[in-house]
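Look for subunit A in each of the two complexes below; its partner is subunit B in the first and subunit C in the second.
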Partner chain A sequence: MSTARLIAPRWLPPMVGLASVVALLAVVELLIRVGLINRFIVPLPSEVATSFARVIAEEGIFQRFLQTAWECFAASILLATFGITIGVVMHRLPLLRRACETWVAAFASAPLVLAYPLFLVLFGRSTTTIIMLAFLSGLPPVILKTLEGLSATRRVLINVGKSFKLTPAQQFWKILLPSALPTIFVGIRLGMIFALINVVGVEFLINFGGLGQLINELAERYDLPGVYAAICFVILVSVIFFVVTERAERWLRSAA
Partner chain B sequence: MATVSTSNRLASVPTTEPAILVVDDLVMRFVTADGGVTALDHVSFGVKPGEFLAVIGPSGCGKSTLFNIVGGLLGGYAGAVTVGGETISGPHASIGMVFQEESTFPWRNVLDNVGFPLEISGVPKRERIERARHFISMVGLDGFEKRYPSELSGGMRQRVSMARTLASEPKILLMDEPFAALDEQTRLLLGDKVLQIQQQLEQTTLLITHNITEAVQLADRILVMTYRPGRVKRIVDINLPRPRTSEIVSSEPFGRYVAQIWNDLREEASRGLSDAETRPLRTHDKPQGQP
Partner chain C sequence: MAEIGRLTGTRNGLGFATPVALLRAAFVLTALMVWQVLAVSGLFYRDVIPSLEKIWTALIALVSHGDFYWHLGVTFQEIAVGLVIGALSGIAAGLILGGNRFIAAVFEPYLYYLGPTPKIIFFPVMIMWFGVDSGSKIAMGALSCFFPITLNVAAGMRQIDPVLIRVGRSFRAGPWQMAMKIYLPAMRHPIVNGLRLGLGVALIGTLLAETKLSNRGIGFLVIQAYNNFDMPRLYAVLLVLFVLAIGVNALVARFGRLDEIKYK
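Right, the complex of A and B next:
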């Protein structure tokens, strides 16, 4: 058999991916229509599809989408800046690392969103509250993955740097950081997932801002197709951020 | 002990031409859980400009320790290493190291890997690319400039590492079993490449190896080390004609040299083997006096 027959064309995987989503929705549609799933709890996928036009026209979805995306973006910038910096400092100071790594990891699993009343007192019912909560809940994975990536730098690469008499700064920028970058980006992606969940969750809870607030409102009106349509826009935010981080990672690796 | 080291020094440092690299009475001890191990015991030798010296010994004779000390990566020893009369204390600009393990930067393509030392020393981009291309072609990797290490075979990656070290134009090339992870055929062919490069650059080279054919194929002199503690057992002059190629391995004098070196090594290797069977080697022992 020739190898050409084994290699699938480029368009095939995304098409199969799309087909699997359509198939899943068709199954759900069928289960609802035969009455196995209660249509007052889960709306028909076809109804959700038709509600997109209404949600876009009547609910100012683009402005809300931008609002949520902006909060997520601001939280991500804070995450990356502080997470990587703290990770680097902890890698540099072994004492600090030994002292703090465990509780940073514990912090990662803490349901920080429950502290939202405290943030409301501190920052008011505002975008700042949403961004700060999202930032703090996404911070631990960035710190931990930065630490992990830096510590996993292969000894021989550090020795190559030493043999070329690199300064400590060059050793960091030219060897440690690019070597750790893939792991750091795993942390940033994880942090962004936490951040997005918290952005939408807090918008929902404090009934303020973008897509989370819209979902809250639509749910109160019992507009279930609308709720699911709005959730699709939340997923879109997440997809865009994933694509952007992937590009950023590739660019940074090639620039190092 | 003192007499051994003196005689070693007399035998190894050539009196006619001054050595560019001198290892003088090197002693290195490691602290282990059950006391201490002497890795290097009064090791002395010199490498003349343009000479190819191979250091051969069984596993555990302190070859890698020697590599790390000469490369300036390891301290805490007694004795001295001098380059052109200057005692080293850390990595020296005149010494270029090629490591045993895969050491290319996976995030840089071949051109940027090889251009790395030039980038560090601030060579302008255009000149850097030109010089990197020169060394890439020297190791026979023309056309692979834009490839990443993950797209290359083990032998090609090792050539990238070698080109990267050569690009820093070191006075002395220090190699630690650079072809140990490769198959025998690739190893012989890369040996040809090394011979060719050495001829072209008149490169002073110190090769650490455990491979007898590789040592005889490449070297002008071979220093045979004893098993722990590592001492200089003998230095053998290899009077095979240059320029050489891997064809030399089928010649009769080549076979005689291999037999002679194996004769010297066999006793050491079997001591190492029986030692390894009774007391497994710890790999993370610390040098004495180091934190």
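Right, the complex of A and C next:
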């Protein structure tokens, strides 16, 4: 560990990473220009870079971003509300928990997004379909993490509450919930990641809404540089989302 | 309290009638009853919520027809090939990242943040690269499972007990022997777990690609039932698919744990 740090200063790895990405793009550019890669299959990286401005200006990317963000936000609110409530109820009723916890875990491993045609029939080709699918796909981790957090409350804290003769409601709001909050947030973050993946994925699949649809539309127009630029944009947005929620999670953990 | 006492009392006589089992049965029965009431209530458009008999008939029709198994075979093959490609490259990449701190510091952030992005958006690119047939679906599966497998293997390699590595070194094991006799056996849990996660996302990637553009596979059956507005069949296909997906996932998880018991 210490030797590694002596050899490599902190700024070196990110720099090398960036340099390798640039080098890779340069090699691809060269191979296409030489003709070893067909430019009708892989567009020139420089062309992709220049089409960024065009995609942003002509495709209403800001509007689309807002639409996708709104869908994610709505799904997250639903996730947090229902996930935490169900988790708390299951924690309160041990019998219910024993009956259903494995079901929730199994539900988590079901490829729910494949039911999107069903949701199309139930809710129409609309924002509701996207939000509902994102909400349901992200629900299991929130429930499971809420349960985990509440069950991991330290015995001492519960006993302190008892010695103060707290009512069950006080016990919950003053002891259980604050102690479980960091773990619950881990669940909410996981749920939000699933929600984001599903929002963009379903937008792409049903050709409706925000950023996901943009990729589908550009692909159908055979605007290859545009497709690559839009994909890069979506990845950028999701990475920013992960970094922000990760920071929030770390802050919450250190505060608790 | 008396109720529970009586129920636990009967457990000795009737092994299956535990409170948990009864509650589960009650849930299932209620759900089925509510479904049936909704189906016959006429609150929804015809067949949006088909009656249980219709779904059952569609399910029997689906699984008793040879076509279904052919489509299942196609999808299975695509997922299997995708998983093998993704797993081999993922394990190789994971071993490189796990074995060298500098390389990990350089490239792992990219993988870590690319991992949870929606993979299906790469499908148009995959079609251009690998064609509209199975190739692009296999590519989707491989691309999806590469990330969780790589990250799990890399993390698993860093968690190996250094004593084991020193034992290998003191026996003057070569790089290949180190990999086969020390690293891989010590890492079977992260590898199995990575494969389980990878299988889940490879399944989703492949099937979603099939619903978007294909003429075979389970994903195609789903979208075909939707296009024909054959709702009972749509429910039947999804039901079979979910049961298979959950079952395979449980099986792999069980497999990983069986290992643990055997070696410890």
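Assume the second predicted complex is superposed on the first by the 175 of 256 C-alpha atoms of A that agree within 3 Å, B and C clash if a C-alpha of one lies under 4 Å from a C-alpha of the other, contacts with A are read in each partner's own complex, and residues count from 1 in each chain.
Keep this in mind: contacts are C-beta pairs under 8 Å (C-beta built on N, C-alpha and C of every residue); 3 or more make two chains touch, one makes a residue touch a chain.
Owing to the predicted nature of the structure, the values given are computational and were not obtained by experimental measurement.
A.B. asks: For A:Val227 in the superposed arrangement: first (subunit B), second (subunit C), both or neither?
C.D. replies: A:Val227 sits against subunit C, while subunit B stays out of touch.
A.B. asks: A:Val156 in the overlay: touching subunit B, subunit C, both, or neither? Say first, second, both or neither.
C.D. replies: first
A.B. asks: Who does A:Ser20 touch here: subunit B (first), subunit C (second), both, or neither?
C.D. replies: second
A.B. asks: What is the contact status of A:Leu30 with respect to subunit B (first) and subunit C (second): first, second, both, or neither?
C.D. replies: neither
A.B. asks: Under the stated touch criterion, which partner chain does A:Ala53 make contact with: subunit B (first), subunit C (second), both, or neither?
C.D. replies: neither
A.B. asks: Is subunit A touched at more residues by subunit B or by subunit C?
C.D. replies: C
A.B. asks: What is the contact status of A:Phe242 with respect to subunit B (first) and subunit C (second): first, second, both, or neither?
C.D. replies: Second partner only, subunit C.
A.B. asks: Within their complex, state which residues of subunit C touch subunit A.
C.D. replies: Spelled out, the residues of subunit C in touch with subunit A are 19-20, 23-24, 27, 48, 101-102, 105-107, 109-110, 113-114, 116-118, 120-125, 128-129, 200, 203-204, 207-208, 211-212, 219, 222-223, 225-226, 229, 231, 234-235, 238, 241-242, 245-246, 249-250.
A.B. asks: Contact residues on subunit A for subunit B in the complex?
C.D. replies: Residues in contact with subunit B: 154, 156-157, 159-160, 162-166, 170, 174-175, 178-179, 181, 253-254, 256.
A.B. asks: So in the complex, which bits of subunit B are touching subunit A?
C.D. replies: For subunit B paired with subunit A, touching residues are 71-73, 91, 93, 95-97, 99, 101-103, 105-108, 116-117, 120, 165, 168.
A.B. asks: Considering the complex alone, what residue numbers of subunit A touch subunit C?
C.D. replies: Listed in rising order, the residues of subunit A that touch subunit C are 1, 4, 7-8, 13-14, 16-17, 20-21, 41-42, 95-96, 98-100, 106, 109-111, 113-118, 120-122, 193, 196-198, 200-201, 204-205, 212, 215-216, 219, 224, 227-228, 231, 234-235, 238-239, 242-243.
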